[in-house]
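We just call them A, B and C in the order they show up, numbering each chain from 1.
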């Protein structure tokens, strides 16, 4: 955030460097149930982001001292593949991924009926295979589909999207260059059924009015994401639902 | 088991009128409104007068309840369930049994049909052994215990084990046990369906393969209409193939066995 | 990695049909599962591939950067191979730094690539003694259904074939150039179960295996790397048989790799 760039990020017609309008999201594609070994899984492409999510559980907690007697814990592991970025990332967790994992686990915990599974863990693993800004939203969006695919009881899915500020204008779903040279980024996640915000971060500089506009934009986009999530689950399960009778 | 059959009934009824050109079972997703003013059954939750789905599943309304029969998910043990377990650890007075649920279940030496001296546990059951057990206790924080004292419970020494999604178990059993009886009769295999999704098959090697294939077919098409008929056709044609190839090879071997 | 406890019934059943020369999935003992190779699956890598052997699914990415050469080889590029057994791929894989299984997988893959001379390290020198290209191969299994060794190695080879040296990004030149690959070693793994030898073992078979042998063979039929694993042993004759069969299966798999490459527009040797 806040770097200097000679590139115009938004042109005089309001078109961004990847050809989108201010309030336009990158294309998102989700596939549910892509892995054999995991209890639930999803693959997601969001613009140039590619992520894969796997869910196990509820299952026994190791080490045991982490277990809670009256509910399941939700453990979320966000990781970036070494080849997901321009300069190879050293494998293993760092402070950034640990923080993203914590807030994403908390967002999912909001919708999962954890009290139905005392003394267990629900483990969510998301690996970013290719990164181009907005990976925490992409990861959480995929994770939420994978949790549903695992058959884990939940109030609703969680849908995520970011909005921010570039060249003094509020924009939706920042791409890598906008994230690097823009003025603000604000990822959020909501529970679509209630509209509650369950993940929110922001860095940069925005006025109160800009925050309002960015929130409206991001929340609206979350509802579009929600539809894509549901489509993905439908696509996997509809085959089971329907059958011609001769 | 009676309870399991009940939801098979519900599904048949919620399927729509017989004779229409196509029928749809309603798949619902978590957070989806499934009923108003109805009672919240399995796979659902209530907010005010509204009932929502909590799992991906098939909606079914019956007797004032709206249920969502889950398509996926782990097995959650209930007292009285007969399950197939695998021994994962041996202690001086108990065995630890994996029952394909989030909760490992101890089997105490007092709960087996043998007189076991302290420290002699491994002589009776060892790691990797397959056992047929009953869930004898589940407390409020899901401590689970299993027992082998009910009649017919034993170590399974021969045969083969396959696993299906636990929510498909009612379909494996069928209405009043119709599906599993048909599998057993047509393949001449001994079979047992554990509530935890593990299925034991024992019989002639080729027939076991056919039975396992039929289990796979039921799992894939658990929610399709006309499943029983399709499984029957499958079994009859596969078993016919087996007996004709057996005859051929018998002839070739100058009288056979 | 936590140990998976497998029902002895299942093991005994698999062993009993193996004794009759049959496998659970209907394959012959010396038959590989179907293989699917995709190239350039992630745009952020210099080269990448996704390999599915049956239900086993591995993504391999190649990253390149500029670094200092080792003092004892001042004119050679540097190769580093790493594997992460993420829990995405199997319920008993654990997070954390690579343990011995992951390290063995990475090193066996590394040897097949390095020792065969698949990559000409001398061509990766920029300024002798000062700057050379560093080549990182990262192996990321996403679904583990047995035989990660073969999937990782063919994935690494495919990722290298599709790699472009990032001259423009690293400001070392105007144009990116394909990474030259000179040799095409293919790893073939066999497992010994009782008295049977099976090739390309699936997960069930790996649970049962007493011994494992991975053989890397090149396109001229020469052996370029080997690794024996697990506590069981092979007879002299068994090893000979495995090496010979590996040559045949390796040729077949290399042909599939070249076909997939051709289809994806990745350069293939003539």
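Convention: a residue touches a chain if its C-beta (ideal position, glycine included) is under 8 Å from a C-beta of that chain, and two chains touch if they have at least 3 such contacts.
Remember, predicted model here, so these are calculated numbers, not experimental data.
Remark: among chain pairs A-B and B-C, A-B carries the greater number of C-beta contacts.
Set against the Cα centre of subunit B, the chain with the most distant centre is C. We define each chain's centre as the mean of its Cα atoms; on that basis subunit A and subunit C are separated by 31 Å. Separation between the centroids of subunit A and subunit B, computed from CA atoms only, is 35 Å. Here the CA centre of subunit B is 38 Å from the CA centre of subunit C.
Residue positions of subunit A touching 2 or more other chains: 39, 59. Those residues of subunit C lying in contact with subunit A across their complex are 2, 41-45, 48, 55, 57, 59, 61-63, 65, 82, 84, 86-91, 95-98, 136, 138, 140, 142-145, 169.
For subunit B in complex with subunit C, the touching residues are 86, 88, 98, 127-130, 156-161, 200, 205. Against subunit A, the residues of subunit B that register as touching in their complex are 20-27, 29-31, 43, 45, 52, 54-56, 58, 70-74, 102-104, 141-142, 167, 221-226.
If you check the complex, the residues on subunit A that touch subunit B are 39-40, 57-60, 69-70, 111, 113, 117-120, 148-157, 191-193, 230, 233-234, 237-238, 240-245. Across the complex, subunit B is touched by residues 5-11, 13, 16-17 of subunit C.
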